[in-house]
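Paired with subunit B in one complex and with subunit C in the other, subunit A is shared by the two complexes that follow.
For the complex of A and B:
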């Protein structure tokens, strides 16, 4: 297995300071490894891939990898990616966002990118909190959990990214946790192969800002929580209904074929050119 | 299940290890432990069953599990791995 996992060193920028800045046990590093393995498996060269990242801990991933990378403003990663994809449809555009980045400040861009079916792969690293800025509650912080800005428990209901993307019309929606890394590899590879807007949600633990305040003594406890509660869709269907609510479904939720925005743009252009001649 | 013991060797790069303990907690054969410096170290390398969990789940890329034939001629194998990559 060494030859697979050590591939990462072909794709890292070794002039950056290593080990990376992420906290011990942070799942973002696992997602970085998974992303690199997926890109390598597809045989894409470094010049064919564009990583667009927003602001947050997840934004650091783009800094460490040696693809074409853009580190954009908070919440606007999808808009930059839309521009890149429309200008050069031959590129593989991957957008790395955190949950606060994608759903709070960039929520509008997110639903409209899904509606338009623009050909980018959105990789949302959901750690349930604003980790980098000091642990403020985000729109995915579970109800009743404690954060820096909600010391007596979060009053609001949280977003379910998968349900939101389904409702907004995304044609590929999948979720995995960083513990289920083989599944994560598989869904990232499928997402990169497909045209149109593909959403991959990776659940990653944030022990420093979220776990410590919510009765997880160590980061390992958060991984054990994933092991206990994350269930593939078919296994979840076998459970009695009363037990389903506490579980986190993982797997591929939606997989449909549809023309992407840049394909429809080419079709429209050729149709108009035929009409003119 | 028959264990294929001693076919692998677990390496840890202490400079990159942050001591999160994921590998120690989830290793099925308890090969690793956290040392006094707070970093993972190999205690029972012979027990490794080459499941690859620690390698895939190390957020800091600090663990490598090398198989023995690979150890003998690691450079050669790395080259072959690159050739096997699909051509565009």
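For the complex of A and C:
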């Protein structure tokens, strides 16, 4: 316990007025804990870390941490992060976004950040809903589920973040739920260590705006759902094919090596300077 | 020993034959710009193209083409926060997309330069024809009350000069600065002489000198412009588009909100004299004053010269600052005149400001053209003779 409080005292801001904005049962704090542990494990200094956040519940996380923090505009966090990383590749740039943030309003920026392989770690906190504005459907709200703007059930198909990131060319794609904290810690550490664009999707329950309208009596039921349905890739492969569709695969989906954009830029610069001399 | 005596070089090494858009690049590099984020759009594209060639040759230069104009300005803001002098260039439709982040840059006090080469609008409009329809959008385009600096240029040399000034003002006041050009000014090719390095005053943002633990990122001060550390320099603080207190943390306490908003306005308003650039031609005894900017100012200049030849007491005020509208300078010049003529390539955007400043003293005549063609000297002269 002392270890945990030490981390809190070291990595969270003292002068920021708590309590935080998150609801009881929300998984966002678990992701924040995982992120702090990962940064601590890697021995990164607080000065070299830039935490860039979008708008929404997830966007409010940055302000509590004692890093360089940039709370940006809705959906555009990756664009700010791209500028920061290109301007100073020595910084460790981490981006926190929500699902509506990253994939609805920010969908274009998301696929392009993945495509250009800019050196940032993107954490998408996927709670399948717009929480802060009061529970409207997002592009990851599952088909047929109820929200404030889909009172008769979501008619549209939802995005699979992992598949989207893969298709856009991301070289590291991983997913966990906030229940699988050890996996979450592991994939965030790996993502932070690697060059280029690294995507981590964290499934996190929003009982206040999503769960209670979709037959989850308590937030614990949502965690139970994760426990039952989220399966590591190897376990999933052992299931009969008919049963796989209903499950959510977790783990590392893509892990490839490639030069990041900022590395390629450094190479270009030295090539041009060699040519000039 | 060399056999030939080297002839003295009579050619001016620093003279170039350049487009307005090229001069913008020269000005930006002179001012210390090392980051460009942009998206191609006519008639501003040459700026991005030349930057793409020039910046990677610098030790720390970065050019990046983003997926749209929203992203372009986002990247520029990020680069500026990381300590770079950064810019983007666009035209009407892209400028509309940038409005969201212009507001962010105002609120978070991020120095940056946006060049908007105006073309005919609204919407896709006239991509390769000039207009001056974005003047009020530059002032009020982003939501919420905010101060902003908007500059303008009317020839190729001015493109260079005003780009340098745009960077200086952005850095000095921690504010986005918009340089409004038009298709004609941007695509005119003229001979200009590149200034010697050091001949322009270059201003770079003030960094905090106190130890990080004393640093209050948005502290109130006489100047009203807080010092700005680059990300990663040890001054960890919170940057946000939310209304914030002096520590940068979100607030909705009325007194803190009021303090922030008043400081944002005050930091620009109190240095009014430093921001107003106007150029006078034959204004001393003028009874008829033409007030013009951009390419129209060149037509107006010729019209005023010709009017003088015909014995008319005409003068010209060329606006190089559009906002904050250079009221003190204008008021002084307008004291003795009978008629104010405002030619512009829109239905009357700067004439609103002129009428506001004039406050009914002189007669204000507008001359508007919105067909994608420049207002000619002849058109202006005709009006000068009529009034």
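Note that in this section the second predicted complex is superposed on the first by the 271 of 277 C-alpha atoms of A that agree within 3 Å, B and C clash if a C-alpha of one lies under 4 Å from a C-alpha of the other, contacts with A are read in each partner's own complex, and residues count from 1 in each chain.
Rule of thumb we're sticking to: a contact is a pair of C-beta atoms (placed from the backbone, for glycine too) under 8 Å apart; a residue touches a chain by one contact, two chains touch by 3 or more.
Just so you know, these numbers come straight off a predicted model, no measurement behind them.
Colleague: Just subunit B (first), just subunit C (second), both, or neither: which does A:29 touch?
Modeller: In the superposed model, A:29 contacts subunit B only, not subunit C.
Colleague: For A:71, using the defined touch cut-off, is the partner it touches subunit B, subunit C, both, or neither? Pick first, second, both or neither.
Modeller: second
Colleague: Going by the contact rule set out at the top, does A:245 touch subunit B (first), subunit C (second), both, or neither?
Modeller: Touch partners of A:245: none, neither subunit B nor subunit C.
Colleague: Which partner chains sit in contact with A:15 here, subunit B, subunit C, both or neither? Use first/second/both/neither.
Modeller: second
Colleague: With both complexes superposed on chain A, which partner does A:83 reach: first (subunit B), second (subunit C), both or neither?
Modeller: Touch partner of A:83: subunit C, not subunit B.
Colleague: For A:178, using the defined touch cut-off, is the partner it touches subunit B, subunit C, both, or neither? Pick first, second, both or neither.
Modeller: A:178 contacts subunit B only, not subunit C.
Colleague: Residue by residue on subunit A, keep only those touching subunit B in one complex and subunit C in the other, then list them.
Modeller: Correct list for subunit A: 48.
Colleague: Provide the residue numbers of subunit A that touch subunit C in the complex, in ascending order.
Modeller: 15-17, 46-48, 50, 52, 62-63, 66-73, 76, 79-88, 90-91, 108-109, 112, 265, 268-269, 272-273, 276
Colleague: Spell out the residues on subunit B that touch subunit A in their complex, using ranges where they run on.
Modeller: Residues of subunit B touching subunit A: 15-22, 25-26, 50, 52, 55-62, 64-67, 70, 77-78, 81, 85-88.
Colleague: Which residues, counting only subunit A, touch subunit B once they are in their complex?
Modeller: These residues of subunit A touch subunit B: 1-3, 5-9, 18-20, 22-30, 33, 40, 42-45, 48, 178-179, 181-182, 218-220, 223-224.
Colleague: Which bits of subunit C are touching subunit A when the two form their complex?
Modeller: On the subunit C side, the touching residues are 35, 37, 56-57, 59, 61-62, 64, 66-68, 70-84, 86, 100-101, 104, 230-234, 236-242, 247, 249-250.
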